[in-house]
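Next come two complexes built around subunit A: one with subunit B, the other with subunit C.
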Partner chain A sequence: MEKLFYILSGLTLISAIMVILSKHPIRSILFLVLTFFLISAHYILLNAQFLALVNIVVYAGAIMVLFLFVVMFLNLNRDIERFKSWLPLAAAVISGSCVFLVFLSAYKSSHQIQIENSGGYQIGLVENLGEVLYRDYLFPMEISSVLFLVAMIGVMLLSRKEKTETVKNLLP
Partner chain B sequence: MSDWVVKFIFIVVIFALSLFIAMYSTYAERKIAAFLQDRLGPNRAGPFGILQPLADGVKLFFKEEFIPRASDKWLFLMGPGLFICTALMTSAVIPFAPDLMWDGKLISMQATDLNVGILYIFGVVSLGVYGILIGGWASNNKFSLLGAIRAASQNISYELAMGLSIVALIMVTSSLSLKDIVSQQSGWHWNVIYQPLGFLIFIICAFAETNRAPFDLPECETELVGGYHTEYSSMKLGFYLFAEYINMFISSAVLATLYFGGYQFPFISSMDPGIAKTILGAAVMFGKIFFFIFFFMWVRWTLPRFRYDQLMNLGWKILIPLSVINILLTAGFILFKS
Partner chain C sequence: MNHIPEIIKTIPFDHYLILSAALFFIGMIGVLVRKNIIIVFMCIEIMLNAVNLLLVASAAYRGDAAGQVMVLFIMAVAAAEVSLGLAIIVMLYKNLQTTNIDLFNQLKG
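Presenting the complex of A and B:
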């Protein structure tokens, strides 16, 4: 089991790094899909099958298809990456290393806590997860779903407004 | 024999069976089309043209292997492989027959009884679009790209309604495992009786997800030459065409399992778990599957293709609200009953 974990982690890291190293955005997206699959494999290793499959359905099945969809529209001709100014690059490197430092210091200062697992190895199965979500944490769960609904309706409203404006602009 | 060997044999049998059924579905499709159009259909290779699928396969193998120079070679090769792979993966969680009693042990007629089986099917179905998208994009052809983009938007739109219709079904069954869902529908208590609207939405979405007529816009010949597989030739084209038939077989199996009781038939509970029960159950299951495959073909050769805006309107403005109403109705009934 432990060996499997290390092999999977290695593969996950390699494919995650390939996301940034690939020259072509389509390939980056495909590596990202592979990364999501490997993360799902980690969930299965933890016996959390529901989470693993939801991860695949939502991220690999829906969100990444949308990404691919948009990139296909954008990059119809394969032009080679043009040189951009150094400023955003430097900003990205500095902020990225800052975040890395924060993680590192958080890891250094944290105590090694042994997390108590009262539910045994079946805690990740869908029945137990459902009971926890809909009995113990019902209120936060409902609040977050309302939040999602609001976000969804907001997106629809925004996109609709834009559309009518462009139509108005087109009219003489 | 250990459990692993039994599982391995079972998986190989299901794999071979899906390929075989897909192969003869192509023959059945041509014969049914011929019947509906008052023609004879293929009748040269063997008696009644029964060897026609083999002849077609041999023909595809001998065609020129062609990769366009401007294409992305790796992704071009990956597309069809991915598509047929996802098509074959779904059968893993479908219970094809009642458990077999052999040497005092119960042998499950299901590759794996995942306790989130429905989600597994849903996940694999949602991955199916990658094969089309990658293949269509890598071809570097306008028509292929348009076909691929159509496929993606169609799959995303109809997945929503499909997922919502499954939610209502899960509320009735209160289990995500396909084995439980089938064993709940003993005798005549098929889910289609409790979920007629959900079944209607699900079957329409199944047509859209398998890219079958009247929703075959990704490969619409009159507008897009050949759609996403315009640039493909030889067995790579064969993979795309073949995967469509495997998808049809699998979605028929899913329809039979979720809504028509799977291997259940009246009086099944009075039989002992033995070879007779398993064989009869499997025969009933495959009878239901073949009926749905026939239904897929029947619809294809009867209805004309939708226009693109009609397709989107149907998906977003009719099916999704309907499935939300279905969920509310189901919830109301459950509340009323308890």
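Presenting the complex of A and C:
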């Protein structure tokens, strides 16, 4: 049971690194789908069964189809991009590592969090989660529906046909 | 189903903390390193998922369902963000015919 966690963690980190390292965007998307599935497996290990299903449906289902659709729509096959030159790359890796070290040292210097294991392994089921969501968090959920409405209107507004001249004509 | 909660007793919470910090760090490196705007977007998704993983882990360790509700809200915001961002990317590609973020400097004063 312990080994399962470490194998899953290693696979998650490797596939997340492969998202960055693979040259072709479609390969990155497929590795991202793999990462999401592995994170769903982590959710199942943590007794969040409903969230695991929602993660697969929302991320691997909806968002990834959107990404694949956009990549195939844009036809990026002709120019395989190269990485940046080594100086910004080294700066990025060093600054990212510094943030990671800050996380670790902040954790080390903080007092140990006492985890109370209340043994409630029913909390991830739909019944319990829906009760909490619709009793304590009803208003934020209604607000998120307004957020979706705004996002939908925004996408329609963005993808509308422009009547005026585009930015391309204004370029030198 | 009965032996599943044992994972909480065998794995210390620190390991989940380090795993999600490492995932966040990988996403941040990707945002800083890559030039294709679609892959930058995917790295933002990785960072959001790292935060989700930490929230679910702390909810499971404390036996509190509020953290999982927060993950649901983060997923809703991420879905809205991805749809809007991809629409913006498509519009940028229509105007400039590229996805290289070094060429998106029209807002520079």
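Going forward, the second predicted complex is superposed on the first by the 119 of 172 C-alpha atoms of A that agree within 3 Å, B and C clash if a C-alpha of one lies under 4 Å from a C-alpha of the other, contacts with A are read in each partner's own complex, and residues count from 1 in each chain.
Definition applied: a residue touches a chain if its C-beta (ideal position, glycine included) is under 8 Å from a C-beta of that chain, and two chains touch if they have at least 3 such contacts.
A quick note: this is a predicted structure, and the numbers were derived from the prediction, not measured.
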| item | value |
| --- | --- |
| Subunit B versus subunit C as contact partner of A:Leu68, first or second or both or neither | first |
| Touched partner set for A:Ile153, first subunit B, second subunit C, both or neither | neither |
| First, second, both or neither for A:Val126, with subunit B first and subunit C second | first |
| Contacts of A:Leu30 with subunit B and subunit C, given as first, second, both or neither | first |
| Touched partner set for A:Val54, first subunit B, second subunit C, both or neither | both |
| First, second, both or neither for A:Val99, with subunit B first and subunit C second | second |
| Greater residue coverage of subunit A in the superposed arrangement, subunit B or subunit C | C |
| Subunit B and subunit C contact sites that coincide on subunit A, given as residue numbers | 50, 54, 62, 66, 73, 76 |
| Residue numbers on subunit B that touch subunit A, as the complex places them | 72, 75, 114-116, 119-120, 122-123, 126-127, 129-130, 133-134, 137, 145, 148-149, 152-153, 155-156, 159, 176 |
| Touching residues (chain side subunit C, partner subunit A) in the complex | 3-11, 13-15, 17-19, 21-30, 32-36, 38-39, 41-43, 45-46, 49, 52-53, 56-57, 59-66, 68-69, 71-73, 75-84, 86-91, 93-97, 99-100, 106 |
| Subunit C-touching residues of subunit A, taken from the complex the two chains share | 1-2, 4-5, 9, 12-13, 16-17, 19-20, 25, 28-29, 32, 35-36, 39, 42-43, 45-48, 50-51, 54-55, 58-59, 62-63, 66-67, 70-71, 73-74, 76, 81-84, 88-89, 91-93, 95-97, 99-100, 103-104, 107, 113, 115-121, 123-124, 128-129, 132-133, 136-137, 140-141, 144, 147-148, 150-152, 154-155, 158-159, 166-168 |
| List of subunit A residues in touch with subunit B within their complex | 24, 26-27, 30, 33, 49-50, 53-54, 56-57, 60-62, 65-66, 68-69, 72-73, 76, 125-127 |
